[in-house]
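Could you have a look at this structure, given as C-alpha cells, before my questions?
In this document, chain identifiers A, B, C and D correspond to the written order of the chains, with residue numbering beginning at 1 in each.
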Amino acid sequence: MQRELIDRIRALMDEGVATRVLGWKKGEFFYDTEPAILTAEQLDQLVYDSFCGPNLSKYLIQEMPKLEGKIIALIKPCDSYSFNQLCTEHRVDREKVYVIGVGCKGKIDVDKLRARGITGITAIDEDGDTLTVHTLYGDETVNRHEVLLNKCLTCKGKEHRVFDEQIGESEDTSAGADRFDMVKKLEAMTAQERFEFWRGELSKCIRCNACRNVCPACSCVKCVFDNPNTGVQNKAAADDFEENMFHIIRAFHVAGRCTDCGECSRVCPQGIPLHLLNRKFIADIDDLYGEYQAGEEIGQRHPVINYTQEDCEPSVVRERGNQA
Amino acid sequence: MKKLSLNSLNQWLEGIAGERRVIAPIEAADQVNYGVWTPDSKIRLDALRTVKSAKDAFFPQVENMMNFRAEGKNLSVEMIDPKAEDFVILGVKACDARSFDILDRVFLSDPYDPFYAARREHATVVTLACGRPDENCFCVNFGIDPADPKGDATMWIVDDTLYLRANTEKGEALVKDLEDADDAAVKAQQAKTREVAEKLPFARLNLKGFDGDHLMEKFNDPHWAELSRACLGCGTCTFVCPTCQCYDIRDFDTGHGVQRYRCWDSCMYSDFTLMAHGTNRPTQVERFRQRFMHKLIYFPSNNEGMYSCVGCGRCLAKCPQNLNIVKVIKALGGDEA
Amino acid sequence: MSVNTEWKPKIVAFCCNWCSYAGADLAGSSRLSYPADVKIIRIPCSCRLNPLFILRAFQRGADGVILCGCHPGDCHYSTGNYYARRRMTLLFSMLSYLGIDSRRTRVEWVSAAEGPKFAATMNDFAKTITELGENVKLGDLRCKEN
Amino acid sequence: MQKIGVFVCWCGSNIAATVDVKAVANALRSEPGVVFSTEYQYMCSENGQNLIKDTIRDYKLDGIVICSCSPRMHEATFRKTALAAGLNPYMVEIANIREQVSWIHKDMTEATDKAIVLGRAAIAKVKKNAPLTAGTSPVTKRALVIGGGIAGIQTALDVADAGYEVDIVEKSPTIGGRMAQLDKTFPTLDCAACILTPKMVEANQHENINLLTYSEVESVSGFVGSFKAKIRKKARFVDEVKCTGCGVCTEKCPSRKGLNEFNMGLNTRGAVYIPFAQAVPNKAVIDASNCIHFRTGKCGICEKNCSAGAIKFDQQDEIIERDYGAIVVATGFKPIDASAFDEYAYNQSKDVVTSLEFERLMNAAGPTKGTLLRPSDGEHPHEIVFIQCVGSRCSRDASKGKEYCSKICCMYTAKHAMLVREKYPDTKVHVFYIDVRTPGKNFDEFYRRAVEQYGVDYIKGMVGKVTVEGKKLRVQGSDLISNEQVHIDADMVVLATAIEPDPTARSIGTMLTASMDTNDFFTEAHPKLRPVESPTAGIFLSGVCQGPKDIPETVSQAGAAASKVIGLLSKNELVGNPCVAHANELLCNGCSQCERVCPYGAITYVEKEVRGPEFRGTKRVAVVNEAVCQGCGACTVTCPSTAMDLKGFSNNQIMAEVDAICR
C-alpha cells in the first residue's frame, strides 16, 4: 500500500495538484515514524504502515498561510473528523487541501509491547493478526489486536468523512467495544472514589502540555494558560488545584469540538487517561442534547454553542444521583 | 561486596527509612516514577526507566523561594530557608547518576543555588546497574558504563539477590551491616550488559564536530527546519530529561500576599525567556534548535567537552511525535562513524 | 468532617443584571434576609459566566458558587441563559465526575419580581453549603490564610 | 499605582443604622490604591455629589467606589457626577451595601464585615476598569419595509405619515398580500377589499412611500442606522410609466396556461396579466415562462395591441442600491401545502379545497364570480364539511404539519360556515374541530352566532378519512361528545390549513442576521417587552412573520413597529453602550464560534493584516460592530483563548471581584 500511495502522490504532484504532501516519514526504528511534510524529491522517505498513529490534521493549520496552491494530506478515517472540525472552525481551508483518505486497520502501540516486558525491540513481522517481535533478547509473538493503540480499540469506523480520493482498505478495529465503558464505571463510583481516581491520575501531570499541543481542537493561537494577561497563566502545577483547573478548562474548551481522536492520551508521557475527561463531555452531550459527533460534517454547529428551549436544567447533574 | 535477598529488601529499607526519607522508583497509577517509599509502596527496581528522571530529588518541578505578606498597604518579606533533611535516593541508573554531575556544574558553580546544594549535601545516592538496556539507550556514547554506575553505593540485581558495593563513606554506612558476598555473579552480569550495550543500535554515534569550534556551522545547519517540523512545542522532552535545568521564577498572588516560586521551564515553550519586546525565538525552529545546541554544543564548550546528554533514552521513548536527540545528532553529521 | 465553629462558608453568587440582581434588590427592599456569607457579583447576563470564574472562586476559598439568571425564555438578550444553561450543566457534571460534590454548584432562575425566591434560594444554598462544610477538594492551599 | 477614592453613603439611617459606615470607610482606606475614603449622609444629594467632585479634583482620582444603594438606582447618577469632575464615567463602581447588606442583615458586625468585603470587591474591580467612551453612528432617515401586505402597508403608512421616507419591497407585481385575497373578514364580515384597497391606494400615492413591486431584496449589509440594501427589481417587460392598466393586452393574450396566483390557481390567466382589478400599481406584467414570445420569439400580440407602447420585451432586471436606517420585516405567510394530507383526499378530488381556495370561490372577483360552485363540475354543493386544524397543532407528525396553533382558522372557518349558510340556506354545513378557540373581541359571540343563529353543525372530533365515492365525498370522523363514528356524504370538503411563514423569510432572516425560531417565524427581542423588535438592532417585525395573527392584531403590531422605526429615525445619531464586546485580533483564532452565539449578529469575520510580537500577516479575525453589540457576553465565554472580552465586565475585572470576595 505504501508503494501505491507514493506512486499516486507522485502522479498527483506531476499533474500539478500539489507540491507537497503531509504524511509520515521513516524514523530511526521501524516504529518511530514521524509526521512530515515532503516534497516530490523527498517522497521516497514517505512511510505508511502500522505505526502511523499520529493525527496529522493539526499540522495543516500552520501550513495554511504558507500555501500557494494545494497540499496533499494523508488522512486516516479517524483523522478525517478532526480535519472536518478544523475546516468548520476556519482553521483549515478545505479548498487548499487534497485529501487522500488512507486505509487503516489499526495502529500498533509500541508502549503496549514494552508494558508486556518486550523491550529492546529491533523489528516486527506482521502476518495477519499475529505479530512476531524481534528483540535484543529474543523473539516474541503477540496478537495484533492486543497491542493496538487505545484509540483504535474505540475506532470510529472505517469511513472517511472527507476525502478527494481513497487508497487502501480500512477496518473497524473497535470490535463492538463501548467507548463509554470507563466513563460509566467512573460514574458508578462514589464521589470520593472518583475524586481519588482523578487525584491519582492528575497528580502525575507534569504540565508538559503535550496533550494540549497535540490536540487538534486545542488550536488557540495563544492558550489562556500561556497568556500572562488572562490571570490564569500557569506553567507548573504548584498546587493540586492547578492540575484540576488546567484539565477541566482544557476539556471544557474543547467540549463539543473534541472528535474523540484520543491523541491526548496517546501522547501523555505519564499515561493519564485524559480522553476520559473529554469523553465525559461527549457522553453528557449525547445523553442530554442528542447524539453528536464533532467533525462528522463541515459546518456543523456544535451543541455547546447551541441550545433548545427545552434543555434540561443544570440540576439534572444532582438528580442523576451518585453525585454527592 | 555485600548482598541482600530481594525478599528482604523491604526490611532493609524500613531500617533506612526509620532515620530518613527513602526515594525510589515507585509504581503509582500505572507509571513508575521516583517517589517517597513507604512499606505500602510498589517499588519497581526492575523498571529500566522512570518516566521523570531522578533530578526531581534535587531540583523539584516546583519550589517556593520566598513569600511576601500583605497587611493593608504594608508588605513583609519572608525568605525560605533552603535547609534539607537527610534522604536516600535509591535505584538511580548510570545515566541519571551522571546527570547529577552535570546539574552540579550548573547549580553548584556561581551563582550557587542553596536549595539544590542543600539537597545534594543531604543525599545518599544508591545507584543500580542496568541488566537489560533497550534500543533507546545510548549512554555508552558519553563514556557511561551502565554496568557500573557511580554514586555513594552501587547495586546489582542478579536473579533474586541484590548485590551492593559502597563507594563512599555515606554508602558504607548504609551497607555495612549487610552480609558479605562474592562478586562473581556481578562480574558475569556486567560482562553481559556491556556486551549488549555495545551492540545497541545507537552505541556508535559519532559526536565529532559537536563542540564550540563548530558552533556557527551547527547553528546555521540547514537541517533544523526539517528536524523541528513535527515538533508540537510541548515540554515532554525537557521535563523527562535528567539534565534539563531551566526554570522560571513566578509570583502567585494568594490574596494575602505573594508566593515567589520557581518551576521548571522548557525552551520548547513560546513564552520561554519571554521579554518585554516579545520572544527572541519566534518559531519552533529556534526553540527546538536551542535545546539541542545547548546539550551538544554550548554546554560542552563551557564544560570541558562534557555533553549535557546522558543517553538515557527518555526523550526517544516519550516524544509524542518521535523527534529526538539521536535524530538531531545524525542529521547534523553524527552519522558518519 | 468536623465543622470548625469559627468556620463560615464563603458563597459567591453571580447574578445577571436584568433579573436576578434586580431580584436581589427586591429581596433587599422587602427586608428578606439571607446569610451574609453570600456575596453577589453582578454580571450583564448569565451567559457572561465563564467557568474560569467559578473555578477561580473555588481556588480562592469559595465553598459554593451559584449562578442566577433570568428564567429561560425571559433573557434580556433573548438567548443568553440558554447558553449558560448548557455550559453550566456540562461544567457541573464534569466537576461531579472529578468527585466534587455537585451540591456546591447551583443554577437558579430568579426574575426581578422574585425577591422572596431570591432570599429563599440563598438561604437554602447557604444551608446546604454549611452542611457540606469546607471545600477542600477544589481549593488552593496557597490561598488559605496563614 | 492608581488613586482610588472611596465614598461610603449612610443613606440616612437606611445603611448607617446597620452598617458601621465609619468602620467601613476606615477599613477600605487601608486597601492598596485607596488614597481617600470617607462617609457621608447622602452621597446622592447635591452636597454628596459635590464632595465626590471636589475629591476627584483635589486628589486627582483615577477611579471612585461608592458604597451605597444598588447600582440599578444611582449608578447613572454617580457616573454623571464623575463626568462633571472630569473623570471618565466608567471609572465608577458601586458597592451595593444597602439592598445587599443593611436592609437584609440585622447584626451590625456581620453587616459591617460584609460591607467591607463588597467595598473591597468594588475597589478590586475599579482598579481593572478602563475609561470607556460610547461610540456614535449616524442614522439614515429612510426605512425599508420588506413585504407589501397589510402589515407592510400599515407600517409604511405610519412611518411615512411621520415624515420619513419608506420603500416597500414586494416580490409579487402588486401590493395587498393575503388580505387582498380574502372575501369577508371576521368578526364584522366587512369586505376585505373595501377596507384594504383604500390603504393600497394611499400607499401608492403617499409622497414619502416608494413602491418597489415585483422586487426582491438581494442582500443587506451594515447595521442599525446605516443599512445598505441591494434590491432586484425584476423585469416586468412592461414599462410601468407608460402602462395605463387598461387591460387590453391581458384580454388579447393568446396564452392561457398561467395559473392565476390570485385565485390560488383555481383558474388561469394570460401570460401578460394584471393580478386583480384593484392591483396597485395597476400595471400589467408579463410572465415570461408562459409567454409565447419568450418561448418562440413570435406572437407579440400584446405589443401590437398596446396603444401606450408599454410592452418592452427587452427589459432587464434592475439592481437598486439604497441606504436605510431601519428595516421592517413584513413577509407574511402562506397556507401550508395540503397535498401532504392524503387522508383528506386533497389530491384525489378537486372538491376538497383549502380555506384560502374556498375564500376565492366565495369572492365576487373569484373564478366563479362569487357563486359557490364545486370546482369539479360547477354544481352547487348542498352539504359541506369543514375540517379544522389541518396541519396545525400537529405534534404527532412534524413532517406533515406544524406544532403550533395557526390562531386564525377557528374564526375564518366560522366565517365561512356562516357565509355559506347565509347565502345558501339549503346547504348543510358541518365543522369538525379539536377545540374552538375564540379569544378576541367579539370572537366568541361571532362563533356562537354561527352555531345558534346559522345552525352550523359543530362536531368535536377529528376526521379520519375522506374518500371519493362517485360525485360524493365520504367523510368519516368521530364525534367525541356523543362518542360515535360519523359518516357524512358531502359535496365539498374545506380544509382549514395551517399557515406558515412565507418561504422567502428564511433567506431574509439570514440576510438580516435576524434570528428565527425552528418554524421560521422571526424571534422578537423580548417576547413580552419588545415584541416588534428583532434581537438584531434596527430590524423590526410586522405581522405574521413573527407569529400567526389576525388582521386587527397585524395592524396594531404594524403600527407598533412603525412607532419603533419612527423613534429610531427621529435620532440624528445613535449613542452606543460602551460596555460592548471587543476582540483582541492577536489572540483571535478565527473560529467563528462567537459569531454563532451572538444573538444580534454583531460579530463578523474579516481577513485582516495583523502585527504582533509573535505573528505578522493576514489572518481571519472577529470584528464586533459596537453599534449592534448589546453587551451580553455570550461570545466571551465561547471564546477559548479569551480573545473576546467584554468592556466594563472584563474577565480580569470579574476575577478581581472573585478574588476580593474569596480572600
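We take it that a contact is a pair of C-beta atoms (placed from the backbone, for glycine too) under 8 Å apart; a residue touches a chain by one contact, two chains touch by 3 or more.
Computed from a prediction, not measured in an experiment: that's the story for all the values here.
Taking the definition of touch as given, a chain qualifies here only if it contacts chain A and chain D alike; those chains are B, C.
Relative to chain D, the chain whose mean Cα position lies farthest away is B.
By number of C-beta pairs in contact, B-D leads when B-D and B-C are compared. Rounded to a whole number, the gap between the C-alpha centres of chain B and chain D is 67 angstrom. The centroid of the Cα atoms in chain B and the matching centroid in chain C are 46 Å apart.
With centres taken as mean Cα positions, chain C sits 36 Å from chain A.
If you average the CA atoms of chain A and of chain B, the two centres end up 30 Å from each other.
Touching of two or more other chains is recorded for residues 51-52, 56, 60-61, 73, 79, 83, 87, 140, 142-143 of chain C.
In chain A, the positions touching at least two other chains are 224, 231, 238, 304-306. Residues of chain D found to touch two or more other chains are 597, 614, 638, 651, 655, 659, 662-663. Arrangement of the chains shown, judged by which pairs touch: all-to-all, with no pair of chains left without contact.
Residues 28-31, 33, 48, 51-52, 61-62, 132-135, 196, 199-202, 229-230, 232-236, 238-240, 248, 250, 252, 259, 261, 263-266, 269-271, 274, 316-318, 320-324, 326-327, 330 of chain B touch chain A in their complex. On the chain A side of its complex with chain B, the touching residues are 27-29, 32-37, 54, 59, 111, 114, 119-122, 136-137, 200-201, 204, 206-210, 212-214, 226, 228, 235-238, 263, 266-267, 269-272. For chain D in complex with chain C, the touching residues are 70-73, 96, 98-101, 103-107, 110-111, 113-114, 117-118, 121, 515, 523, 525-528, 535, 579, 597, 599, 630-634, 636-638, 646, 649, 651, 654-655, 657-659, 661-663.
On the chain C side of its complex with chain A, the touching residues are 51-52, 55-56, 58-59, 72-73, 79, 82-83, 85-103, 105-107, 137-142. Chain C makes touch with chain B in their complex at residues 60-61, 140, 142-143, 145.
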